[in-house]
Amino acid sequence: MSVVTDFERSAMESEDQRENWSGNASTSHVVEPGALDLSHNVILYLEDITVSFDGFRALNQLSLAIDAGELRCIIGPNGAGKTTMMDVITGKTRPDSGKAFFGQTIDLTRLTEPQIAHAGIGRKFQKPTIFEQHTAFENLELAMKADKRVRRTLFAQLFDDDRDRIAAVLTQIRLDREADRPAGLLSHGQKQWLEIGMLLMQEPKLLLLDEPVAGMTDDETERTAELFVSLAGKHSLVVVEHDMAFVEALGGKVTVLCEGSVLAEGDLAEVQEDPRVIEVYLGR
Amino acid sequence: MRTPLTLRILHSTPRAGWIALAVFAAITWIAVPVAHAVLAEAHPLHLSAYSVSLLGKILCYMVVAVAMDLIWGYAGILSLGHGLFFALGGYAFGMYLMRQIGRDGSYQSDLPDFMVFLDWKELPWYWAGSDSFLGTLLLVGAVPGLVAFAFGWFAFRSRIKGVYFSIITQALTYAAMLLFFRNETGFGGNNGFTDFKRILGYSITSPEMRATLFALSAALLMACLVLGRYLVTSRFGRVLAAIRDAESRVMFIGYNPLHYKLFMWTLSAVLCGLAGALYVPQVGIINPSEMSPANSIEIAVWVAVGGRGTLVGAVLGAGIVNLAKSWFTMSFPEYWPFFLGFLFIAVTLYLPDGVVGLWRRLRARPAAAPDAPPVPTVHRDARPVSAARSSAKDPAELPAVKGAEA
Amino acid sequence: MELETTHKRCTNFHQGDPSMKRRNFVQALALSASIAAIGLPVGAHAADTIKVGVLHSLSGTMAISETALKNVALMTIEEINAAGGVMGKKLEPVVVDPASNWPLFAEKARQLISQDKVAAVFGCWTSVSRKSVNPVFKELNGLLFYPVQYEGEELEKNVFYTGAAPNQQAIPAVEYLMSAEGGGAKRFVLLGTDYVYPRTTNKILRAFLKSKGVAEADIMEDYTPFGHSDYQTIIAKIKKFAAEGKKTAVISTINGDSNVPFYKELGNAGLKATDVPVVAFSVGEEELRGVDTKPLVGHLAAWNYFMTLKNPENDAFAKKYKEWAKKNGVPNADTVVTNDPMEATYVGIYMWKQAVEKAKSTETDKVIAALGGQTFKAPSGFTLTMDKTNHHLHKPVYIGEVRGDGQFDVVWKTKEPIRAQPWSPFIAGNEGKQKL
Amino acid sequence: MRLPLPRLLCACALVLAFLVAPARAALDEASLAGLAGDFQSRLDTIEALGVAGGEDARRVLDALEAGALGVAGGRAVIVQGESVVAAANGEALALAASAVETLTVNNRVRRALGTARAALALASADRGERLAAARTLADNAGQSLLPLFERALANEADDEIRGVLARAAARVNLSSADPAQRLKAARALGESSDPAVKALLAALLEKQGDVWVEPNGEVRAAADMAIHAIDRRIATAETVGTLFSGLSLGSILLLAALGLAITYGVMGVINMAHGELLMVGAYATFLVQGLFRSYLPAYVDWYVAAAIPAAFLAAALVGVAMERLVLRHLYGRPLESLLATWGLSLVLIQGARVVFGPQNVELANPAWMSGGIELAAGVVLPWNRIVIVGFAVFVLLLIWLMMQKTRLGMFVRAVTQNRAMAGCVGVPTARVDTLAFAIGSGVAGLGGLALSQIANVGPAMGSGYIVDAFMVVVLGGVGQLAGAVWAALGLGIVAKFLEGWAGAVIAKILVLVFIIVFIQKRPQGIFALKGRFADS
């Protein structure tokens, strides 16, 4: 399994990924998370972001602002640019133009993925991405907020309070019985939860969640919604979802993306009324 | 409370491992040296110089295999250029050995013979420090380490992966081989270094020296195993394996894979360099063909035969393949490539996890995933969790993913 | 004991009898690998035979050249055995495969001397393999016969060199090129594969040419990597160099495998032997088997032996080898050829036999003492003498032109065998170094 | 070309003797006396024979070439079986063949023979023969040939031949005593593109002490202009030559790598035995040549064409066997396939060694692939390389057609991009794998066929190309045929330009370093797949 992924990955890795390391990757690999400046109560600020792949505009002058503690849902048809937007925020893709700020001072377009993670942004992928060969416990251990430089990791050990914290999250994501199973053997829904759990262990200020309930049972979806709602306030959340029932259950503000720009923004009910939204969803 | 590092290193290797290491140490540090250097040649238990240097050579290969396994088996990075680091360590030590010849060469000069022949009047700058034993010890690790660090830094920074990485490591060792073949490069060209006389003034052919080199090789191997074991069971090892399985996730939880890969890569190269340094005095020659791409591929083959992702497997693989080669080339000089070739094919087809995998299968451990490297067990003392109760569900049972119809 | 019999059989293995072959094969396979491989003493050698080692690469890059030497060694040993052996004892060849791997050469040499207790070893081709085994022969006081022309600059007590030193091959060849008959060359291209033999030879030749008044500007030196197969650029350079003036000749020390692409390119680029002759030191009958020689007619090689030499010894030698090859199922046995290193192997084994008989012992020191001054009527048409002091043979030099059938026409030869100068007088600091 | 005066006179005398003699007359003994003399007089005699012309001269030259011309008792004779005849007139002599000392034909003699034959051919009725003869003579132009050139120029109608002859005459006239002749010659030589001519002209511009070698300033100026003109022509020809070498190397790399690009792209299998598939193709070619030599000797020049299907099929069969027996079981474990194919490669190499022997086997270029087109003196485009470039284009075209226009090609592309999905939509992936591997292997066999025309055919020939082939595939971008084409051509041309500048060894090192650096810039090769992908 592991062997396959190496190669498949290399074969499929996108061109843009290689550009991600900014030149100073080795010199300033830790950004103090404390530096986040929320003086205007805006945690994430995107302005005129444009990204194109081979002439195709994935994002077209996208502007978006997320308030601190807000729970925002992003919806939109396939190809609207939702995942690309997340890629830009997390440093996976560099925008061709535009600004992306975390708080007032942290320029996301200049940081690498690990630096952005340290700054306090956590991300869940569309397809659950966990360490399949590691146990659920180890997955959480690796995600745990800590000094993640090589030297520290080499000599890191697990203290009792770390263990307690992992146990608490395991309980929260209902994987306490699966702690010692290799994560690859978990069900799809459990993997989704494990990934959410890893996010929680990171203690991020902003969580980006790409289709978090895909492959979950109704019951699981419901519990996920509860969890997210309970997280809002302490954390800011951006949820990309197709499942309208779930979006409704979350109850936050909704942004509709289409062809790389914001089409509409407001309550779910509001945007559902919007004729432009109806048109893009129902087709011409 | 913090556990001292030494204790954690001790704990990282299980008790059975320590017993095995102790037995191994007893054989390689006491039995073999005594059988070779103390017992008279006529004694039935005397171990000949041939056997000692052959086994010593294989011990060095085993170290290389462990180093290869750390980077390939655990970090998922297949290097087809590890022969270069091995050879660089060998060359670094070879330079010292050449200087130790002194005026005993055929031109009775202070310079090594090949330099006299090239009409060089003094040592080139990069031979500085080659007459000092301590300096050489430093170079033996530093040269391959620095080369690996520089190469790795650029390669990992550019996110070169998979076969692309493998091929450029191959290009690297191939280019180095061509460079070293040139006489003007200053390392003896195709002939390389040979006809060594002494180390620290002691004759290199004396049984004592041979036994010492052998025991040192064994010590290096054991150190590698203990260190390797600690690394792969530490959190560092788990991050490394995580990079292998899902690199982007590792980045998004805040680890910089560049540094992790680079550390392991450089360490692996340094271990190869040390092995090379012990290899050269035992086989008596170092030349650029050690850097040929085929040699590096063979290193990967040892690891695969033994079982990738297990340290013991790497050791076994290097031992089995090299002993088989030594035996075949003696007993079936015209047909041995057939045997070796079919051995490789058979191992891949029928023993996907190498010899260690076979052994595991024979012991029939029911729970282990068939192709998973051993699950690190550092937190054995974590809360007991019932692993028997599986809640895995067939994805088909889950309700269909709900669409985005508005 | 069981081990020993197996071993013996394995060596017999090369001497034919297919039914034996299979049985040995299976039996040998059945043996435990590890015991044999770590080389527990195989036991003292049997009293009724004398073991001799054959140390030639049978796989890897050098197999192309060395396999034939192994064949000749086995044939010669068979011949000696058929004639009653040495001092009434049969010779028992121990063949190992060092697989073109230089450290493995040292390991196998040690094995042959210390485990198999061979009385002498016939083997090696490349300089690096010889350099690799030299310390082993010195340490264990073994005896090596090295059958290939080489760069000199070496003299080991335990080694006898039956191939040519540079003054027995390279220098006469250049003298010939400069003579009226050879075309009166005034400009020289020194072309080789980038390793020690070509570099050393060219260094000697450069000094020699200088002593003959050839200017620096009239010498072009170029090297290619091992296994180089694209000679377009170099041929173009040679053509340009040759066109710039005086009569030009190429002296090639290109190593084995690269010769085919080199000569093919040469032929197709229209460089004819009549315009720019190429004299090669590493191209013999064996190498030309892989080349269509029609475009190469007239190019030259310098050796101490050619298969086309007409004399009774050579006729018998070539015939014997052909028969042996047929009998032993050598591939393409109809077209096997003999060449200079093969003759040198043959001579070396007989010289050793005579020395052992003279010394009445196979002890290394006694044999070494007895070897100096041995003579042997060789297929090269001369009675060759082992020099009393420098462990090299006195050898005649022949210049041959390539024929359409891959053989050589001798166009020039020395009047008598020449004494070797392993320490070339054309290299500074070598004066007075001829003795051991 | 500064001949010692006595010899020059002697040669001229000989030539004059022939020129005044009637063309058909038998040779007289005196004109052959030189054959019994020293080496140099022998050469002069041979060359003079050509200038003289006539049937008898031709007969003597034929005998010399056949090794039948000899000397007995100071007299030139020809051995005919057991009997001996006089060389001059063919009358039988009472001499035993064993008493004759035959003349050795070495290179120098062969050169003289060539000149003599060319001189004879200058009177030939065939235009091609005359042109070739004129070219040969131009290269060896000496004072003694000048009358011949002038005679031929007077009779020659063809412009090209006249040009060659005029330049040849001009070369001789450059050392004429008459400044006007020299000036004319220097101007005429400006038309040449031969570096040898340049060297002649350059000699005029040198000073010996304080004195110019060429006293006349006008001649010097003309020579200087001529040198510049020649230089320009040489430089252009050399650039074209280097480009062609690069193209040729590139096409060889491409043929070696194309099969690998297919098999690697489709199955992600690192086939270390790919080089051995090249070897199989080359040995198949060898066997076909053998069959032609035994059964169709008249058509032996066309064995290469017949070998195309043979090499393809042989390698494809081996490939299918490899795929069915080994690789099939390794899908999804590409790095393990490295180990198994490494083993396969050992087995195949040793197998070839046992069957065909360890030595290289001989493969002759057919006549139509021998020689080359001469762009300028010194720059030749060999036919075998031109044919191989064309062959590479042909193979590429075939593959392109197969990939783009056939159903199988569509399946192959589908499997390359997404195996699982292709399987789901009903592509028989297992069959496609086998077929793709067969085709990839077959193309490797064709590569082996091409290699057999320029390089070694031996058991280990493949290992020399495997590293290069992998470099090409990776540089181009895995699974990208177009990438492989660009990579192969790029590497070929870069390598050749570097080689001209830094020598073969350094060039090879630099090319490898270039690959390493290039991959840093484009970690997925030249033609990486672009766009957003789900992170795997």
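Labels for the chains are A, B, C and D, by order of writing; each one numbers its residues from 1.
The definition used in the following text is that a contact is a pair of C-beta atoms (placed from the backbone, for glycine too) under 8 Å apart; a residue touches a chain by one contact, two chains touch by 3 or more.
By chain, UniProt protein names: A = Urea ABC transporter ATP-binding protein UrtD; B = Urea ABC transporter permease subunit UrtC; D = Urea ABC transporter permease subunit UrtB.
Treat the numbers as computed from the prediction; the structure is a model and nothing was measured.
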Chains touching both chain C and chain D: B
Higher-contact pair (C-beta pairs counted), B-D versus A-B: A-B
Approximate Å spacing (C-alpha centroids) for the pair chain A, chain D: 63
Between chain D and chain B, distance of the C-alpha-averaged centres to the nearest whole Å: 46
Averaged-CA centre spacing for the pair chain B and chain A, given as whole angstrom: 40
Inter-chain centre distance, chain B versus chain C - centres from mean C-alpha coordinates, in Å: 37
Residues of chain B touching at least two other chains: 158-159, 161, 163-164, 178, 181-182, 248-249, 334, 337
Residue list for chain A, restricted to those that touch at least two other chains: 3, 5-7, 9-11, 13, 18, 125, 129
Shared interface positions of chain D, touching two or more other chains: 333-336, 349-350, 354, 478, 505, 508, 523-524, 535
In the complex with chain B, residue positions of chain A that touch it: 1-3, 5-7, 9-11, 13, 17-18, 20-21, 25-26, 29, 75, 77-78, 90, 92, 112-114, 117-118, 122-123, 125, 129-135, 137-138, 141-143, 148-150, 153-159, 163, 167, 176-182, 184-190, 198, 202, 214-218, 242-246, 272, 277-278, 281-282
Parts of chain C lying in touch with chain B, wherever the complex brings them together: 6-7, 10, 14, 25, 28, 33-34, 36-41, 58-59, 95-99, 101-104, 106-108, 110-111, 114-115, 126-128, 131-132, 134-136, 139, 153-155, 194-196, 199-200, 203, 225-226, 427-429
Complex contact set, residues of chain C against chain D: 58-61, 63-64, 67-68, 180-184, 194, 222-225, 227-230, 232-234, 236-237, 239-240, 243-245, 257, 260-261, 264-265, 267-270, 273-275, 277, 286-287, 289-292, 294-295, 298, 300, 330-332, 401, 406, 411
Residues of chain D touching chain C in the complex: 39-40, 104, 106-108, 110-111, 114, 139, 194-196, 198-199, 238, 241-242, 245, 248-249, 252, 349-350, 353-365, 370-372, 374, 377-380, 382-385, 453-460, 464, 495-496, 499-500, 503-505, 508
Complex interface listing, chain B residues touching chain A: 1-3, 5, 8, 76, 153, 157-159, 161-164, 231, 234-236, 238-239, 241-242, 244-256, 258-260, 263, 369, 371-373, 375-376, 378-379, 382-383, 385-387, 389-393, 395, 398-399, 401-406
